[in-house]
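Taking it in order: structure first as structure tokens, then the write-up.
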Amino acid sequence: MTVAATGAPRPILAIEHVAVHFGGLIAISDMNFVVNEGELVSLIGPNGAGKTTAFNVITGFLKPTKGQVTFKGQSLNGLKPHEVTSLGLVRTFQRTSVFEKISVFDNVLIGLHRRTSASLFGTIFGLPRERRQEKALREEAWEILRLVGIEHQADELGGSLPYGDQRLLGVALALAANPSALLLDEPVSGMNASETGRFVALLNKLRANGKTILLVEHDMPMVMGISDRIVVLNYGRIIANGTPKEIQNDPDVIQAYLGQGVKHA
Amino acid sequence: MKRLLPYIAVAFFASVPLWLQDQYFLHTLVVTGIFVIAAMSLNLLLGYTGQLSLGHVAFFGIGAYVSALTSLGFSVEIFGLQITHEPWPAVIGVLFGTIVAGLCGYVIGKLAFRVRGAYFVIVTISFAEVVRLVSLNWVELTNGPLALPGIPPLTLGFEWTGYATLWGKAQNYYVVLATIVLAYILIKRLVNSPYGRAMIALRENETLAVSVGISVTKYLVLAAVLSGAMAGVAGGLYAHYIQIIDPMIFMFLNTVTMVIMVITGGKGTLAGPLVGGLIFGIAPVVLRSYVGPEVQWILYGLLMILIVFVLPQGIVPAIERWFTRKGGSASASKPAGLVLESSKGARS
Amino acid sequence: MDQLFQHLVNALIMGGTYALLGIGLTLIFGIMRIVNFTHGELYALGAYMMYFFATVLGLNFFVAIAFAIVAGMAMGSVIEFTLLRPKRGADIDTTMLLMIGAWIVMQNAEHLIWGGIAKSIPSPLPEAPLVIGPVSISWLRVMVLVVSVVLIAATYFLINRTKLGKAMRATFQDGGTAALMGVNVNAIYTTTFALGSGLGAAAGALLGPVFVVTPTMGDLASLKAFAIVILGGLGNITGAAIGGFMLAVAEEIGAGYISSGYRDAMGFLIIIIVLLFKPTGLFARSERIG
């Protein structure tokens, strides 16, 4: 089903001995896991387990207290978030996922930032190369909007879209940055069933295009249905790492979720 | 109609010296035009990156002083070293003024963008104040409070075209008008390019902008450099037109004037600084015969407060909204001032 | 060496009023998140009110100081009520623009009312200076220092030892929670703004008789207050007090040993240097108020 399944798994993202302390509070302690190329891995766990913190560390928004993250064999330690993005590791956000006061189309154009090599000189003087690039960018933006399925709302403001479509636009924005690996932070939280269905279809499309995806999500049926592998976090520690089937039968996981009160699973 | 508007405006303003009899009013227009350029440069920072620079007059003044000194020549002693500079043509002066102002923009950008918000504002004010005090106290170079008189007017042309020295008001008027048109085109291209979009993205949501690979430092510093350089051009034009400058050029009220122009017209819009600049450039002349300068300033202050309360986005977006509503467009609810200009082309 | 002592004593005296100026501004920023551009005008207002009560009306010198402070507080309340209260929750840029507008109005109104000519306020204190060893200080300046220290101490007491101060500190920590706990946040904001304004006016009333009173005297005062506040860390009251004295020392040393023309530049150089090396201010810690 996945690209990786056809050959030996090749790790693209590795989290090694990562720990995050906020003062005396340990948000993550000694986290280790690998995401292989083309895989869809979900990071789950009760609230406060450290999922978003893990995302922030991986994408350079937060410095780990210990350990390191490597992406395509390169250490991300000390890189700024925009530099991490430039390597092809792009994330979405739980809350602020779109530019609210900017049109949907321009949102995607902003996302395409990394795709141009327009020079300042050429831009100011309106040279042909820059004009061509700008035109190509616009085509590209349309393509992404069509891929995500919100092209009919291109002229709306980002913030005026229905909730589900805003999440889609958030993904479009991330896709525009040309990621080889995509980190999605609770993309379907707050979506209704049909919106979630659309989103799962989009994820499957992206996987068919060979994108690696790391997902933080609470929606258990969706996670179980779509993931190749699931990593379970509790109190900043990995308590399980395996296929959906393995996870469903893992006593530690059941304990962790029952202790919190299960919503979906 | 909307597409034609800039051309109509340029044609109209180009015709003004042909029929305007009042030379004093023409002079007012030249000075207004120079301030419009400065306001446009401020808009690049304040409007498009969202950083309020309250020391903007420093770039303007530096442009003016560097340009004046380059064309006048000077001789100063620094640490026992005598540095003498022979007068160069005024055009080279403006060029140097632009470059130095741009460099100052770079330094301030690098320095100030590590801190933002209130700190940025205060750093920029301090910078302007330091520059003012230097211009006041480095008498050997700047002549201090006694002013730098006899600055030569601009001379344009090449060896094969012959030279024209801009003594007249109308000639200067056209140079300023041409500069405004150039600056407008430049900003328009910038704003509708990946560069401008990066700046706007940083203004709207920095975290999200960074997550798609936009470097905060790179684009904010770039905006500061371009903004500083453009203000420097305005300063250079001012020095060679007025032909005398003194440290009063660095007055904080000059910055405030630029800020009022941008805010009133509409920050983050292309036409905002033009509209605001025209209003506040001409208002003093109209008001002068009725009230004294203090009352005028009181009125400006009150107007600024009023604008914040009534038209927080400025005049231009308000007019645009009014027109779109009249046109019955579905997008009437858009806050026009915050939408990228390119969004109109999205359908194409 | 003797000269150095004299400079330091001068600095100590200026430092007191600078501290008042800084505390007033930082209080308002700390609690309300407002960059108060009218601060210098409240300082000028204090000086003009001092001139009005002490010189025009001929009231007792100390009574005049008290009245000037009250006038500053009243003006502060008016600004808070008319401009800031309706825009509660607006972003910092919006309130900054409002404050710039108010500042322009106030400065030009002063010009209109009092004219552009500098006013001087004669002091009732003995002309002969107080001489201690190599150092001589005018009695007026001694009085300025004493009154400033008393006012600083009173502010500290108010914030750290009274119920009002407690409510202010709670609002500073978290306005929303303070409101839930039954603190009238709106009243706290107005009080804070009035208090900060009163301190600014106090600095003006004290320095008015030392220098002269002009409509533009507020500009430099505002900018110096910013320098002090940045030095101490935005919102840090102790930092502002120390920052006030530090700025005064830097100015005295700058004026005494570099050139008197650059006295006023010291504050801005300090701002730039501090922000370059320690953007959060010299005394930034979790303790920021009281």
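Residue numbering begins at 1 within each chain, and the chains themselves are lettered A, B and C in the order written.
By our rule, a residue touches a chain if its C-beta (ideal position, glycine included) is under 8 Å from a C-beta of that chain, and two chains touch if they have at least 3 such contacts.
Just so it is clear, the structure is predicted and the values come from calculations on it, not from any experiment.
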Message: Please identify the chain with the largest separation between its CA centroid and the CA centroid of chain A.
response: C
Query: Which chain has the mean of its C-alpha atoms lying nearest to the mean of all protein C-alpha atoms shown?
result: B
Between chain A and chain C, centroid-to-centroid distance (C-alpha), Å: 50
- request: Find the geometric centre of each of chain B and chain C from their Cα atoms only, then give the gap between the two centres in Å, rounded to an integer.
  value: 33
Gap in Å, rounded to a whole number, between the CA centres of chain B and chain A: 42
- prompt: Contact residues on chain B for chain A in the complex?
  reply: 186, 189-190, 192-195, 197-198, 200-201, 204-205, 207-216, 222, 331, 333-335, 338-340, 342-343, 345-348
- prompt: Within the complex, which stretch of chain A touches chain B?
  reply: 59, 61, 80-82, 85-86, 90-93, 96-103, 105-106, 109-114, 116, 118, 120, 123-124, 126, 130, 134, 137-138, 154-155, 157, 160, 173-174, 176-177
Message: Going by the contact rule set out above, which residues of chain B touch chain C in the complex?
response: 50, 52, 111-112, 114-115, 117-119, 121-123, 125-127, 129-130, 133-134, 136-137, 252-253, 256, 259, 263, 292-295, 297-298, 300-305, 308-309, 312
Contacting residues of chain C [partner chain B, same complex]: 29, 35, 83, 86-87, 92-94, 96-98, 100-105, 107-109, 111-112, 219, 223, 226-227, 230, 234, 259, 261-262, 264-265, 267-269, 271-272, 275-276, 279
